[in-house]
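Several structures are given next for inspection.
Look for subunit A in each of the two complexes below; its partner is subunit B in the first and subunit C in the second.
Now for the complex of A and B:
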């Protein structure tokens, strides 16, 4: 081996070593950053897990003095359980309306060429992202309090029904989109063959179409429930009666109106209120994989 | 508000070279309307009617009413409530000369730029891109944490952040050795920007994860064999494929963040008007002050801003397609 070549080889070896070192450093850096980001996301959540089981929780996360007394206290609070029930009523009611309305509309829009269909879809697309809760807040409040209340108390403020309708209106455009997409992906051949065998339109809808689009309907239902469950603004504005307020509003009340917030109560209630959503997430991610077809929540 | 999943695939079809994004959004992949059930137009319209009615009453009508209220001196109580006068453009003149409107606008722009366009977009992409290298289980844990921040009810996460940032021994304070910093008073904007980044990154992460799976692995492999660095691969191989997704994602999170009411639950717009972003400003004028005509005018200005943003995005998509 000539001396020249050996230095070249040494150079290459050195360069390779440097390269490995750099790669190693990058790798370590990458894991460090990943850890930091995970901590950033986990840190606020940790409190929700520790504080409810702590006899005397503070703001800071600390290892709890284990107790279940907080759960006893919250269960005896006259507003806690009813507010969860209110949340449930609003969520399920809205989901029913949204699923029914979206299913009918999405199916018809997907299968029948109605004049102006594309324009309609365009407007809906804009509406669903542009007209949002806050911008339409004032007229919505007025409409419910002045017009709805004048027609019938059920349509006025302090009514679960009017809150349900308002939220249904807000969720429907997006729901129709998601569902129309879903129906589009189902080949019409199933319906065709059922028709060939002489089934009536109604029977085809009931026995062929509904079973086919059930996964899509389930997605929409879960998506609506999660949305309504967490919605604060609409019930906050439209429900003044403490007996009718859902959990989202009650938490705020627990925090602001007691003077010094009772942390144990708040934390425990927050956990109870969050559990259904977490359970739903686990269910959906296990059953369908929490991926981007039928995204959930806003 | 809602997350229509279809936004996700509209640009995907655009990326593969379809001409018009509108057309791509509405006809790509969809079979031509085949009315095999024999529904017929009349019954189809009947099917669409309930949904349209609800949307009309609870979305379209309020939007139109905003237009009207904004042109009156309507108030929640008092003589102007009973007998509102049409004042035409007075409210708009007042709003446009009101410094608190510009304060709110400026704060909203800061909020959107740093928490959505930079924060959620950047962090979401970083997570989607780099967690691919992690072990499947580890990746699931990281993703679940990010998703939890997104799916928990807003009242709960708001309180979690109050606990985190509290002056009297919040977690952050405790971690830093109790300097007693009142984060929400001294750095309120930074606080809600960090909060919103934390809250919303999951959406971008999921959208970019889906987008990245549309990049052909063979091209990534080629880039790797050619010795491209990570940055070069991103710029020359990955980005051209996901440009549409980047635009869509940026638009959606921009609109949502623009109208986001979440920070109200943490700072209530304060201290003073230091975090009075658009949605909070609107809430304060309408519900707290009861000045409905004035807030109607603000609503309309916000709507216009949103439509302008949406149109700008559609234009960008279209221009990219024709080039």
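Now for the complex of A and C:
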């Protein structure tokens, strides 16, 4: 090998080493930034998990003085556990309405050609944000109390059923929109095949379409439950009876005599309040293996 | 066994496209019948209209003299196999096969027994517990057939049953399909765009174009005597030679040479198109004594077709192709003479594209 060649080889080696160093520095930088960001998001969650077990929690994360007193106190609150049950009733009821309604509507909208179908969907989607939006609360309250209450108390104020209907009205258009994408992705020949064998439209929906869009239905059910679980405004306005109020409304009452937020109770109840949602997510994710599709076809 | 009788069947889609145009067609009981044509000719629409998935705009469909034009698909006693097989992905093979019986409200033991029996008949016994996604294309196709067979319909409708299989499997499935249809003896209509498939499988073929039947006949008739230049072009794996010609008495002037005109072609139609299949054209390396003035030219291209060779000859400004056995292959650039096999030369009218002489003026 000539000396010139070996210098060239050394140059190449040096360049490669520089390249590796740069790549390494980039990786270190990337992970440092990622860590910072995740700490930013993890701290509140960490507080949520530690504060309930702390005798005197503050706006800081510290190693707790371990105690279960907070749980004892919250469980002795006569409204705490029933409010979680109320949340569950509202969430599951709404999810049932939304899933059933959205499945029927999405199937029809996907398979039947009607003029202006897409425009209709977009208008519905736009208006749905109004139904449960803040601006609509006064007319909504009046409608439920004057019209609904006049028809039957079940449709009036202080009824879980009317809260469920209002929440369904707000969620249904977006649910239809999401589900229609799922239905659209099913080749029509499945249904045609079943029809030629003599299956009625409802039978086709039950035997063929619903099993194929189960991940979509699960997504919508979870999404509805999470939405209702976290909604404060609608039940706050439509439910006066403290016995009927869901957890989201109850949290507001957890104050000390001095009018300060009772951090110990707030944190404890928040933990109890968030556990069912986490459990549900894990269960559904395991059972249906769904990803959050949104409205985008995978 | 069911006879299908279509009269004046018309289908106009909402957009104004006429897919079927006053179609009259009879499929005999037990027949294996092919609807053949290029895409967009209306063949699939016709099949779907027979199945009831499309509503006829006018005309009638009769199955065994029963008018089913307005009858729902499920009440027509037909089974359809779709191009993509449409096997339900969430059901096992046995559930798929027995689904038609489930819809008809049969009890579960009967369903399973029938599904397993049909599955065995079609060689699927080892696969009954699988989902469609765990099957190969050929197996999926057989499950789709089994599902159709299991409901014992009066009529089978197959939409491109072989097009989703790869070439080798297609040949195998073709034999399987033909044997199955023979054994069951059920009237079967199938749609295909592949002329070889239609020729191989069907008892009779309807060649369609623009919503009308261009020719109806046995594979042999359709191959040997295409009724017009469209069918002539469409049928045959090597396209038919179609060249301008002139009738002079009982002779036909073609590509700088002369052929004897087929019987019945009169000089009245002076300008015509001569049609001869490459398979029916003979090559001679010297001027044939029995056919003086035969077209002659030089060999330009040789294409190997396996046991035969497709020879393209430039003669008199036209390109004519002929199929010769592998041991009779001429050298490229050599001079050759061409003569048609007796009775194989066809003459088409230049204006209408129809075969001359017209044998049946009414048709």
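The rule is short, and it goes like this: the second predicted complex is superposed on the first by the 233 of 298 C-alpha atoms of A that agree within 3 Å, B and C clash if a C-alpha of one lies under 4 Å from a C-alpha of the other, contacts with A are read in each partner's own complex, and residues count from 1 in each chain.
In the analysis below, a contact is a pair of C-beta atoms (placed from the backbone, for glycine too) under 8 Å apart; a residue touches a chain by one contact, two chains touch by 3 or more.
Quantities reported herein were computed from a predicted structural model and do not represent experimental measurements.
S.K.: Quick check on the subunit A-based superposition: subunit B and subunit C, clash or fit?
M.R.: Once both complexes are aligned on subunit A, subunit B and subunit C fit side by side.
S.K.: Looking at A:245 after the superposition, I want to know if it touches subunit B, subunit C, both of them or none. Which is it: first, second, both, neither?
M.R.: It touches nothing on subunit B or subunit C.
S.K.: By the touch definition at the top of the document, which applies to A:44: first (subunit B), second (subunit C), both, or neither?
M.R.: First partner only.
S.K.: Under the stated touch criterion, name the partner, subunit B or subunit C, that contacts more residues in subunit A.
M.R.: Result: the larger residue contact count on subunit A belongs to B.
S.K.: Taking the superposition on A as described, I'd like to know which of subunit B and subunit C A:198 touches: first, second, both or neither.
M.R.: So A:198 only meets subunit C here.
S.K.: Touching A:211, do we find subunit B (first), subunit C (second), both, or neither?
M.R.: second
S.K.: With the two structures laid over each other on chain A, which partner does A:268 touch: subunit B (first), subunit C (second), both, or neither?
M.R.: neither
S.K.: In the superposed arrangement, does A:164 touch subunit B (first), subunit C (second), both or neither?
M.R.: A:164: touches no partner chain.
S.K.: On the A-aligned overlay, A:118 touches which partner chain: subunit B = first, subunit C = second, or both, or neither?
M.R.: In the superposed model, A:118 contacts subunit B only, not subunit C.
S.K.: Just the number, please: smallest Cα separation between subunit B and subunit C in the overlaid arrangement, in Å.
M.R.: Superposed model gives a least subunit B-subunit C C-alpha distance of 6 Å.
S.K.: On subunit A, what residues does subunit B touch that subunit C touches as well?
M.R.: 187, 189, 192, 195
S.K.: Which residues of subunit B touch subunit A in the complex?
M.R.: Result: residues 1-6, 8-9, 22, 25-26, 29-41, 43-45, 47-48, 50-52, 54-55, 57-63, 65-66, 69, 123, 126-127, 130-131, 133-134, 141-142, 145-157, 159-164, 166, 168-171, 173-174, 198, 201, 203, 206-207, 209-210, 251-252, 255-256, 259, 261, 265, 278-279, 282-283, 286-287, 292, 295-296, 299, 302-303, 306-307, 310 of subunit B touch subunit A.
S.K.: Under the touch definition given earlier, write down the residues of subunit A that touch subunit B in their complex.
M.R.: Result: residues 30, 34, 37-38, 40-48, 51, 58-61, 97, 100-102, 104-105, 107-114, 117-118, 121-122, 124-143, 165-166, 168-178, 180-181, 184-185, 187-189, 191-192, 195, 201, 204-205, 209, 223, 226-227, 229-233, 237, 247-249, 251-252, 255, 263, 266, 270, 273-274, 277-278, 281, 290-298 of subunit A touch subunit B.
S.K.: For the complex, which residues does subunit C have touching subunit A?
M.R.: Residues 51-53, 73-76, 78-80, 82-84, 86, 88-90, 99-100, 103-104, 151 of subunit C touch subunit A in their complex.
S.K.: So in the complex, the part of subunit A that touches subunit C is made up of which residues?
M.R.: For subunit A paired with subunit C, touching residues are 187, 189-190, 192-200, 203, 207-208, 211-212.
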